[in-house]
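Presented sequentially are two complexes of subunit A, the first with subunit B as partner and the second with subunit C.
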Partner chain A sequence: MDNPATTTLTAFRLNGEIVELAAPAGERLSHSLRERLGARDVKIGCNAGDCGACTVLVDGAPVCACLMGSHQAQGAEVETLSGLIRADPLARALADSFQAHQAAQCGFCTPGMMVAAVALLRETRHPNVAQVTDALGGVLCRCTGYRKIIDAVVSVGTTPAPVSGAVGSPIRRLDGLEKVEGRDRFGDDVAPDGALVMRIIRSPHPRARFAFGDLEGFVARHPGIEAVLTAADIPGKNAFGVIPGFIDQPVFAEDEARFRGEAVAAVIGTAEAMTAFDPTDFPVAWQPLDPVQTVAEATAGGAPQLHAGRAANIMCGGQVQCGDADAALRRADVVVEGAFSSGFVEHAYLEPEAGFAEMQNGRVVVYACTQAPVMDQDSLIEILAMDRSRIRIVPTSVGGGFGSKIDVSIQPFLALAALKTGRAVRITYTRTESMQSTTKRHPSQIAATIGATRDGRLCGMRFHGDFNTGAYASWGPTVANRVPVHASGPYRIADYRATSRAVYTHCPPAGAFRGFGVPQSAIAQESLFDDLAEKLGLDPLEFRLINALENGAPTVCGQVFEQGVGIRACLTALRPAWEKARADCAAFNAQGGAMRRGVGIAAGWYGCGNTSLPNPSTIKAGLRADGGLVLHQGAMDIGQGANTVITQIFAQAFGVPVDQVMRLGGDTDITPDAGKTSASRQTFVSGNAARLSGAALRRAVLQMTNAPEDARITLGGGEVVVSEGDKAHKVDLSRLPVDAEGYVLRAEETYDPPTKPLNADGQGVPYAQFGYAAHLVVVEVDTALGHVRPLQFTAAHDVGRAINPLLVEGQVQGGIAQGLGMALMEEFLPGRTENLHDYLIPTIGDIPPIETLIVEEADAHGPYGAKGLGEHVLIPTAPAILNAIKHATGVRIRDVPATPSRVRAALKEAGYA
Partner chain B sequence: MGHHSPTSLDQALDILGRGGVSVLAGGTDWFPARGDLPVREDILDITRLPGFRGITRQDGGWRIGAATRWADIVRADLPAAFDGLKAAAREVGSVQIQNTGTVAGNLCNASPAADGVPPLLTLDARLELVSRAGVRVLPLEDFILGVRKTALKPDELVSAVTLPDAPVGARGHFLKLGARKYLVISIAMVAGLIALREGRIVSARIAVGSCSPVARRLPGLEAALIGCSLAEALGGIGPDHLVGLAPISDVRANAEYRLEAVAEACRRIIQAAFGGM
Partner chain C sequence: MTKVTMIVNGKSVSAETEGRTLLVQYLREGLGLTGTHVGCDTSQCGACVVHVNGEAVKSCTMFAAEAEGAEVTTIEGMANPDGSLSVIQQAFQDHHGLQCGFCTPGMVMSAAALLKDNPRPTEAEVRAYLEGNICRCTGYHNIVKAIMAASGQDVAIAAE
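And then the complex of A and B:
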């Protein structure tokens, strides 16, 4: 392997052209295509055939390029997405259909999806849904929930008419074309040729002391290996984190590793040397120690302490209390209680963490996939002990994030490597190290008791949740904080006490994942609501309507919304589907047999933005002398559509069509801080900043001609024209001074949602707005095999105002797919499910049709009334599924995932044959 | 060292004879097993060897070349006895995997969850192994010895899988249980090859995968099914018939579930044989 003479020449046709390459034996075709032949449209998501992102056509047949030796392609015809787009009209029609349906969200799986779909379309010009799912079953998508992809493939050639782009219109993604043509650039697509390659040395044990051998000798003995990084190379603090007071995760562990997969060192070398590098050759000696990996183990007497000052490994807790829960439960006519649990859930975005860094004029510049560029900068300031001015973060396109890419992962390694070597250094996590080392959804153990009076009104709720936060804090405090605020669900409960604890263990850090603990708490609360309704003899939907939060009624935090509470509207919207589904299930079950059908509903709410903390976004825009309108958009688009939504809002506020806005960013050098993409805040918070910026810039233009507010601004042909009625004034921008960025007029506006601190009882104003949701699902349970198959979802979401209804549907369908996965199949077990064939996420065959009912209960704080949406979606999904299983079988599942094995055991216990 | 893709068996056996060679076919197990570790040995790609790919009729039976892909099985025009094998082929990973993954590769990989093994067991498959010493033939039962363990000698290649003609009127069936629709490693799977006459079973072969280190036939059940009507067959499956299965408890399911699920899958296979599914 150390002998380059072992490379062999191979020739094949790539997208119609004969290519020749010299690659070592055993090199994967995917690697050769990307690194030797420049085909960066071939994406690598797992390197194991589990995700299909690298699908290419070899002699017309779709194959995973990661499972084929480059030499095996000798003489073959290899086609990738970009080549298909150039050569095959069918591929272009498919691209158009993908755009029209927004079948691409982050776009990372899109090349694999489209290549597989082209192979299908070549054989079957008008495929049905089953043919599409069979053909695309080998490509995983984590964003879309697949239904838009199915729609796009079955309706190729029947593109709907274009729409205006105004707020409320379902325009295509503004950054979509590069995604469907294979031109988008993700974290692993941007490194310059010749960049050094870095790999991380990680602990193979959940807890171990370790000592390095001769590191200098190791470097000297391995030609091509340039450097090793350890904690000793960190000029600043060897610590990062996201919440002040909880900055406790080292970049490189020192002396003791606290979870399996924790980084202890990095090796940097030439691409060739790193291909030949075997991590087991690295000089480090491990001494495994007994770990504590569950809340019970970690809080037991004598348990090893993970961090000083956190007695019994309890990192923090949260509490919300109003009225007198105990007294209310005593006077309730009916009381139900239950204990619920869930495991680690992996984000499983298809793009593993990747990027590169280099030094530019004494500055460190990091190019990487991220949800929070300015927070990355904040971390690097401390780690590198450098000023903000010397650190630049240039986000690449992000192949999905869902919360985990808020935290830094590769960024500190890259920055340290660039500093140490002075050269461009790149890294791409393997799927396994991505799964081992980045944050997860918190495992939960929840106990709750809820009461009601005979008239169906809630009467007291007690709730406690323990959350396994893993080895480091990450967003654990946020989870501990948010859960008690949200555990009531969107209901009026006067007497309430909810507490939570986040507990350190020797597991991967649990952090932010779509919903921050609320999906877990909703499972308990919404399941118990069904149990209460059953005891009361009430219809579950009516029971929820009786108790739904209203305008003017206090939440459990004592916050009173005078407007914008949309849960009643969501629940009411489900009624027709509910009645039909109940009747259909009854008719189906009357036939008897092992298959039983049931329908379940559940609701949810979610406060948009940080909890009672400042949470500003700033958006900047400028007008050039030639009339060019430029938007500096720093709100990270991780597939959810911020690039499109923020631009739509800005264009509307400024008063021009959306296609006249040139979008820049994100880049910490050119985009002001639009905050992190998390907490469903971008549409709401950055959207407001964009609205304010658009309005301010509009005012500046109108002032030039003293035109009234409702005048029309027209851009084009290097001119700006302001017209009112039939009068038109050309605005002379040429007289204005041009600033350093080339603008003659500019606006930079900040929006920070109005919140107030919570007191010790959690009373206050945690959020300026909540979004609301209610889901209905019909499931079929195979009672003999314990298999649960969702057949249809109906999802009602109050989004205040749908800035782009297609993006709303995309969020809803994608969130439901993740909720379905959490409910039925997903559990991350450190050391056991560290890949995408043991850790199962839903495939295209697992997601049934999803009908989205958009409810628009406008919010006074939202831009054009809009509310956040991302997290809301998967909150009701899992409990709705569990309630449907109960309706179908009479059996209550309290532990997720409800795998066939687990469901069957519960059915047997309930007496099923 | 390097990549070799010989086009004659002689060359291939020469290269193999030098030792330190890793045999590569479809690559769908080879590459994942390799992970990110460097390749330090010669690679012998057998997919271009003459006669190694394709399905042919051969003296009272069928010959499936070792490097025949699962997609070739799906597309081949084969008798009803192969329906189970075809159904299994459609469930090997994904379309992408089926387009490169090979029949013999699935056997040589010797995973307890290999989708191809149960239906091939019901078809009484034999493996043709070639070496400098000549050709030997082993029944599939004797080829896979344990988890990731086969009877293949270092100087041998699997050249083909051969199948005698199935009993008259026999139809193949296959049922794979997994936690999701596509790209799933089975919790358990059952293949059946069943012939009926006048509403009764006259021939039955049943094989179970993912429930023992090596997939295996259920001879007790097969014998008990002979002469049964549908109702008798469905009612007659008992724990005795599953003797020999030794399922493990893992992330996919516990052992108790697997045993129960196998019994239920057997019932569904029989129902299907009677046209009930």
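And then the complex of A and C:
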């Protein structure tokens, strides 16, 4: 009920300076700070007080700026992160500590997190862990798993000096300083003043036919609204997708919407007009139709078919088969089986999709948060029917992605809006539309049967998984293909048959989410492994060691690695923690009572890069006449640390310290395609391209002086000095010809991992390398309430070579936090949990201490032996937790999330009081 | 403190008001119009519904400052000019649309907003419209009946 005519004059101090604000009474302080006073360091993640990203200090107290009317700040002292950094030495010490501990990954929650921490530190100079978790409990982070944030706050002022160094060194994030000082620019931070604002009109029904009313009349009746976009405005194909043959998602639905939240139109207007705009005024009439929202409904006879040519709504399937699973299971001494399920999981990155677009000299330029700028360009080429040369994608910093920002979301809308209006147009999804309309983790229904002989050796495995892929394909085919390849886990199973199906439903599209279906299949397989060990009377860890994959042993795809198989080392690394935890739990449980403790382990593996498909990355670098060394780094950093890792690898290969490398980002005009940030491929694939580029540029320098390979290169002051022993050759770069980009020497190298196609039985070489992992968790189960509290994680990861051990720990801790969420609390229910108070993600109080054990079983294909890590980090988490619950209580939970109600129901059925 | 002026139940009123003052506080504490009730303070219950420029609004979810210059109607302004009950109020009385009466002002204000836009709603439309108003006594049937009757429609509703 804003009355835009009523503006209130408010005066307050913002970061020490008196500001006057004329804004409608009731306008959120967060909005006023960002849009009227330029304080873009205040981030908006939910606009509902759930996430805390917008936390500022008002008269010294932390406040969600989105929950406060800006006129309420009359006369107050308001401080944001950038002001605190300028004025408060404590804030600068905290920033240093955040950097040293890598407490910021994507950096989107960082301003809110740090502001809340400053408030605490002003009152309590040396807080303990409990005080920190209390004070920061209202700020959500989806990347870090919080432990490094806690470490950073409790150790402010005792920060170790920065280390330098290339591969293997725990250097600070190279892009971290702007994150901890509130200077980083995300999708919503870059639009020019006066840009038009766009909002999307979405289907309120999971399935509905619709018809527009008088759109021209609607625009004419609403001053300030400039244009409406519908499917009729699309010059090219009204379709996007990520896999050839599965390009089936319209930019705007035509005639029928297939999921709640699907876009049908967009409205573009001035900022003022769009603030006043009520989407229910938009002329569209809906005719709801009966949806099919589960695999069972969608595959039943008579179900409406979502897409032509996909009978029974089956989008695709996958299969891997070796030996004879049925015969092996018949001869097995013990056999276990089980049916498992999981629901939709939301990525819940703290940054909602945002960006802007404008026309520049006849070209469409889109600024957006994205994991895959060149794939965005690919999509726009088809949608806009324009040449690649006329489309430029400029990625902003990305406030978390985890897979969902591989697909386009806002990009087509923005490009079409810029084309239609000729003006700069911006959009930022609300939290609700981000959750309604972007991809999710696939819900799964999995049935598996696994056998073993009495000596503990696996003897046959049968597996089938059905995956609800939602209304459109997205990465569903990838999930269907990847799961059968991975469902064995990192073990030797000679007789194996795994099949999968991806099924269309009237739900949001399920797509890429950290693990591509493997976390779901690992729940089934690793739970059944514990059941097998129990039946055999074997220790679960020893049972896994008996069957662990080894160098020289074939995978279920018949692929034989002669080196680099690190699962045995990961499992072995857990043994001390395992033995201690078993003894501790037994002692605790001997006291009796409703609280029971248990310890669980689970292992996992993950093939890095695309499955049996080309997957190249290209990295370019150049040396300028002034001696500047420039790296064109197109591997999108979504918080995981590619900017740092790729630079470390490049610097190592070229032979200079990392701080001598100037880094350019993923702008498609200036940086070659380093592929998508997905499938744990950037360290491995783009890392190799960076290594090759660094080496090529080094060779070019050495050739000019005929120096040997081990000569030392020193840069600076317009020259390169190449030294060997006490001899030094100077090369005067200013005498060399300069190319169009300003380089006197350049290198551009591509790496594509060697894979081979899979045959109909899934036999072949799907990946050039796998990474391996094993997690251990101790949980406490309140058997009276069904509540499960993890107390301690120990995570062993074979990363081949830790390019940056601090970043490795960051990935492990953040992945465990997401795995914990999937195991215990997260389930996206379309239409019901479309915000961050009904959809729960772990808070700082939910994540116990995590010990990371880095295993380095070098891989021949990896740069300096490195393997990918991004997905591995959550694959074993959920099954380890479920195994720990079983150990604590004797009750096997097969459906996640294991919410208190589910756990309590299972306990009751098992006879618990 | 800023001066906030608005028209409440047809009368111009004005008061020095803090920025944080909610409209419901302004009405209850500033003007003494205690017919508007506070049941939750967090927008769930609907007991505080009033009309602002003709639209139903939960007055605990709006700052008084946002209503600067607006026309506000509360339950105290709903009776006919001669003091007799309005049609909706009379229908609540006749059909036992209230028990304890705490939710009733909000219910009446919501019902009035509904009937202004949709003079002959279906029962389903009435129930859908009232989803933001919680009643703990009546089980809602008699509230729906009262509103149907106020709209001049048959009061035999499905649940009876």
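Structure notes:
Here is the rule we use: the second predicted complex is superposed on the first by the 908 of 913 C-alpha atoms of A that agree within 3 Å, B and C clash if a C-alpha of one lies under 4 Å from a C-alpha of the other, contacts with A are read in each partner's own complex, and residues count from 1 in each chain.
Quick note on the criterion: a residue touches a chain if its C-beta (ideal position, glycine included) is under 8 Å from a C-beta of that chain, and two chains touch if they have at least 3 such contacts.
Small disclaimer: the values here were computed from a predicted structure and weren't measured.
In the superposed pair of complexes, A:M825 makes contact with subunit B only, with no contact to subunit C.
In the superposition on chain A, A:F277 makes contact with subunit B only, not with subunit C.
In the superposed model, more residues of subunit A are touched by B than by the other of subunit B and subunit C.
Of the two partner chains, both subunit B and subunit C are touched by A:T8.
When the two structures are aligned on the shared chain, A:A73 is found in touch with subunit C, with no touch to subunit B. By the touch criterion defined above, A:D50 lies against subunit B but remains apart from subunit C after alignment on the C-alpha atoms of chain A. When the two structures are aligned on the shared chain, A:L140 is found in touch with subunit B, with no touch to subunit C. By the touch criterion defined above, A:A25 lies against subunit B and subunit C together after alignment on the C-alpha atoms of chain A.
Residues common to the contacts of subunit A with subunit B and with subunit C across the two structures: 1, 3, 6, 8, 24-26, 69, 71-72, 74. Against subunit C, the residues of subunit A that register as touching in their complex are 1-3, 5-6, 8, 10, 24-26, 69, 71-74.
Taken together, the subunit B residues at the contact with subunit A in this complex read 1-3, 5, 24, 26-28, 30-32, 34-40, 42-43, 45, 47, 71, 90, 93-97, 99-100, 177, 179-185, 187, 251-254, 256-257, 260-261, 264-265.
The part of subunit C that touches subunit A in the complex is made up of residues 2, 19-20, 52-53, 55, 57, 62-63, 65-70.
Across the complex, subunit A meets subunit B through its residues 1, 3, 6-8, 24-28, 47-50, 52, 55, 58, 61-64, 66-69, 71-72, 74, 116, 119, 133-135, 137-140, 275-279, 430, 432, 784-787, 824-825, 827, 829, 832-833, 837-838, 840, 842-846, 899-901, 904-905.
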